[in-house]
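The structures considered in this document are given below.
In the two assemblies presented below, chain A is common to both, partnered first by chain B and then by chain C.
Moving on, here comes the complex of A and B:
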């Protein structure tokens, strides 16, 4: 091999980063890439990507499992959805639930995180109590709260009776059931929002707080004008994350009320489940599921847009 | 104005206890009361449990509720099923997401960008949209390919979650932050790509792998909707589904129900307290990654 040729080859390997993406990668790299990716990608394609397309197709079909054939019916499922009073109710319940749950869980988490963001005695005990709500499954959570809010034997009615408030029906009452579910899920998500806010609070530089104090700001002003803006990325994350989860509420409803009483707690996912796996209207259920997906997309997009205006990123 | 603002915290520090305890003690009581009431009811006699006003400190402690609950439903089996499903799902995710995440982070192959985009797109779509076809596909696989991954088998609870788009994305992002020099020099020394991943990249990625493991475990352990759809026979049920079924059948036997819930919750709480730092770091990491 002549010297210039060797030199040329060396130069080529040295400038590897520069040619990345331009030249075709080596066959062995191609092979390794596909071999590494295939098992994982296959699972995601089969159980994730294909179902997305399939349920879109199904939403234009009449598919009720019982009869073998699945004729295309155009927009009939979507038209039925618009005229279905239960869908209207489910949308309303889902939005009311989300509008109460998301701020509730955020405020509870922020309040506790601020209280717990200091080095005082027993602090790890307090924190652990808040974190513990993350370990409980939605099922146990629902069972405990059904018991706490039991109309006849529940502790909550007992505490209310001490305050002179008459016995309430709670989950048996069409006007109260949804609010009981709001309370139980806020409790269940407290640990999560405390963790997020505590992590964010620990990133707030002490220097800025000291500077605010030196400038004469009281604790409340410092919190509102310094801490809260610095927490805004965490708040945006929580708002988006909690909203996505709230719009998909199912477990607690399934366990505590099954959508009742009188459809008072029928939320969208519960109705999708009911249509799909109790009535076996796969086509109709797919249409409602896609409608829910649209709602999630729109709400999340609005949140990110609004979030951009008030979110302060450092550096 | 400045003087009192500075003096206040100093004076507070000298108090025997911080005033924040006055906020934190009641808040903590509210947070743990459901746990306490769960435990108390689980050792009450049924007449005492069904007494109004409620008896906050039971006169008779009845531990027999626990064996009674175990006789009423196979909770040992549910627990075993949940463990098998969660542990297998975690292991599969660690292996498959590491491989795919590494390929997306470091290797160049035809169609990489397109494939990655498709995988990312599935992240946005809620489970409710995909669950019906997932049910049909799982049923088909069980009949035509392998019974063990079909409806009413534990495999049906593992396979669809054996790799997740989140896991691949999460590890890809982490791998991209590692310095590429170690990997390059190992390659020059003749190590295969698999060996580079196993010996160099993964040991450097322990925190990310632990985070992914913790989050996957929690997700799998608490999953309810998919097992509800995919499993009907008692012998294949996971704990949440078993508990829900038990609640449906024994709605008025609160003491047994609470004993069953304590048994399902206690191991999770123990794991959680033992690995609290990991769980907290994992949750905080996903939160901060989003910001």
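Moving on, here comes the complex of A and C:
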């Protein structure tokens, strides 16, 4: 019995520093981990989470941020939204814009990606060119499109006139301005979906395409039945990403039409900006921002739900 | 588990230290002196001239250091609000005049009413349009930093080609409309004039000048009711409509930045604009004339001005008095004259205009600016000083644009807008 006891003792004496040794690195690792994470986490908390919570509070206040006087008004800001015709217009414009922009950017991106997914001369040049639209600053993009679509001096009207189509007013027309912005932003974002689709296309196994060919499928059938389903994860990602961006449209509107003419391009985020920084209704602007948050939440949830059904993941 | 909290505590104190280091601006300079911070949006020539003035002041006042910080003018109020909330506003900030009624609500803004009445300041030397914008409900909240106004810049070459005499100082809107029609040539894509139509304040203030010239008012005294739905309002709106809809002599710019290029390309005959645009017309042989008038009305030749203010924020009595002292020096005639000559900005003081040789010197560097300077005398009123003005402006913007795009008739548009404005003024929440 002595031996095992001695052994035990020895083991214990041995294991005590061993355990402590194991524990000490764990503790210092934990310390290091927290030390690395904390500054970032704090910055995110201060500049991300606090404003989110604060704007939630503000949405129940009458707050112009100028005076210290910020009385709570309950749901008044939210109720005012229901009766504000511009909010209704802004929602409509935002949804119409999203419904056109997201499929537009995806289809244009898919088309270009498929066209560039082959071995031809200068292919990297084309690919770079396609992505260049993402690298160009929004302000340059807006200025170029303003001139392309200028009613009197624009190239677009010139080409239309060659086709015998009369001069269009474009950004000067309340019924056309939003569509010009759709075209402008599709152009700007196509490079992004090209890159995503190109990457996804590289992942489509040649074996499956060959098998489809052996089974007698033509190029179109192969694309529709084999390639497209295999691209569905990329499509879901793009749909979600582009939708969130579309619902937050601001830059192009601010730089070109500033919400005009006659509110025709006033989208939700632009209206939030107008209420907050032009009218100093920070409470009301916060309420609209939360309403937009709700829209994005619902739309994204629906997309993921639908995406799960239609997305095909290769195991 | 203790180590984990220790880690958090240590890391957060590091962050706190870092933030504190960022936040500790030199609020009290070395050797017992005082540092006052001034936020401004000057770039290029203006920045150079301003830096020169600041260094002159700093040299002459060893106890005080003026430290200048660049902030894009468009964002200054946002940043000032944040800084005020954080308890560290700048001592002085350059703020747009259109914000004045809202700025006046910030409790930390220093009331300068007594300061500007002090000896040697000579407050009436500032143009009335400037003083009106620096004053909210009888309280002076700022000292004029910049002044401008609208006048007509016209293309002399196009006038000669059309066989037209250049506009004279006593011209009328009737002549303006007729000239615009004659200057228009659809084949050459040439327009008589231009107007910006995003529906923002830039759309609105051009029309407001016409409204005043026609003898009208924007709001009734007391700022509780609309006054623009009047024969004067109708005359002002119809004049613009005649050019946009009837004559097609008006280039409508929905973006607010295309028109300068079109004018510089020699495609526009006349432009109602401000002195800031002159430097971007190098390709045009242009002239400048005051705004036309509506004969038979009480308005005469008027214009509108958008002055900006230097505003002082309360960082304690010593800072306030140092800031006031610097600001009064900065806006004294000698410095105003220096700054105008160096930058081409209009002088904020009347006495500078009449200084011998001043106009000629200004004109040498920026041809035509003398008309803008003398035109400051035609600034007889200011936009209503009410916090609801931004909302009023949006309503007026939509009214003007809807008429210029042919979506509604002037009379109906005026009535509709007046109703909306009355509603906006009645509800406190804007």
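For the reader, a short list of remarks on this structure follows.
What we mean here is this: the second predicted complex is superposed on the first by the 282 of 315 C-alpha atoms of A that agree within 3 Å, B and C clash if a C-alpha of one lies under 4 Å from a C-alpha of the other, contacts with A are read in each partner's own complex, and residues count from 1 in each chain.
Basically, contacts are C-beta pairs under 8 Å (C-beta built on N, C-alpha and C of every residue); 3 or more make two chains touch, one makes a residue touch a chain.
Given the structure is predicted, the values throughout are model-derived calculations rather than measurements.
Following the overlay on chain A, a clash is recorded for the pair chain B and chain C. When the two structures are aligned on the shared chain, A:168 is found in touch with neither chain B nor chain C.
With both structures placed on the common chain, the touch criterion links A:277 to chain B and to chain C.
In the superposition on chain A, A:132 makes contact with chain B only, while chain C stays out of contact range. Set against each other, chain B and chain C touch different numbers of residues in chain A, with B touching more. Judged by the touch definition given at the top, the superposed model places A:293 against chain B, while chain C stays out of reach.
Within the superposed three-chain model, A:39 lies in touch with chain B and with chain C [touch as defined at top].
Contacts of A:140 after superposition on the shared chain: chain B is touched, whereas chain C is not.
In the superposition on chain A, A:55 makes contact with chain B only, not with chain C.
Looking at the shared chain after the overlay, A:177 reaches chain C, while chain B stays out of its contact range. In the superposition on chain A, A:303 makes contact with neither chain B nor chain C.
In the superposition on chain A, the residues of chain A contacting both chain B and chain C are 30-34, 37, 39, 43, 143, 147, 152-153, 277.
Residues 27-28, 30-35, 37-39, 42-43, 62, 64-68, 76, 80, 143, 146-147, 150-153, 169, 171-174, 177, 256-263, 274, 277-281, 284 of chain A are the ones that touch chain C when the two sit in their complex.
By the touch criterion stated above, chain A contacts chain B in their complex at residues 20-21, 25, 29-34, 36-37, 39-41, 43-52, 54-55, 58, 111-112, 115-116, 118, 120-122, 125-126, 128-141, 143-145, 147-148, 152-155, 157-158, 161, 187, 190, 192, 195-196, 198-200, 213-214, 216-218, 233-234, 236-238, 240-241, 244, 247-248, 250-251, 254-255, 269, 272-273, 276-277, 282, 285-286, 289-290, 292-293, 296-297, 313. Of all the residues in chain B, the ones that touch chain A in their complex are 1-2, 5-6, 17-18, 20-21, 23-24, 27-28, 31-32, 34-35, 37-38, 41, 49-54, 96-97, 99-100, 102-104, 107-110, 112, 115, 118-119, 121-122, 124-137, 159-160, 162-165, 168, 193-194, 197, 218, 221-222, 224-225, 228-229, 239-240, 243-244, 247, 254, 257-258, 261, 264-265, 268-269, 271-273, 276, 279-280, 283-284, 287-288, 290-291.
Interface of chain C with chain A (complex): residues 3-4, 6-8, 10-12, 14-15, 18, 77-78, 81, 85, 102-103, 105-107, 189, 191, 197-200, 251-252, 254-258, 262, 267, 387, 390-391, 394, 397-398, 401-402, 405, 407, 429-430.
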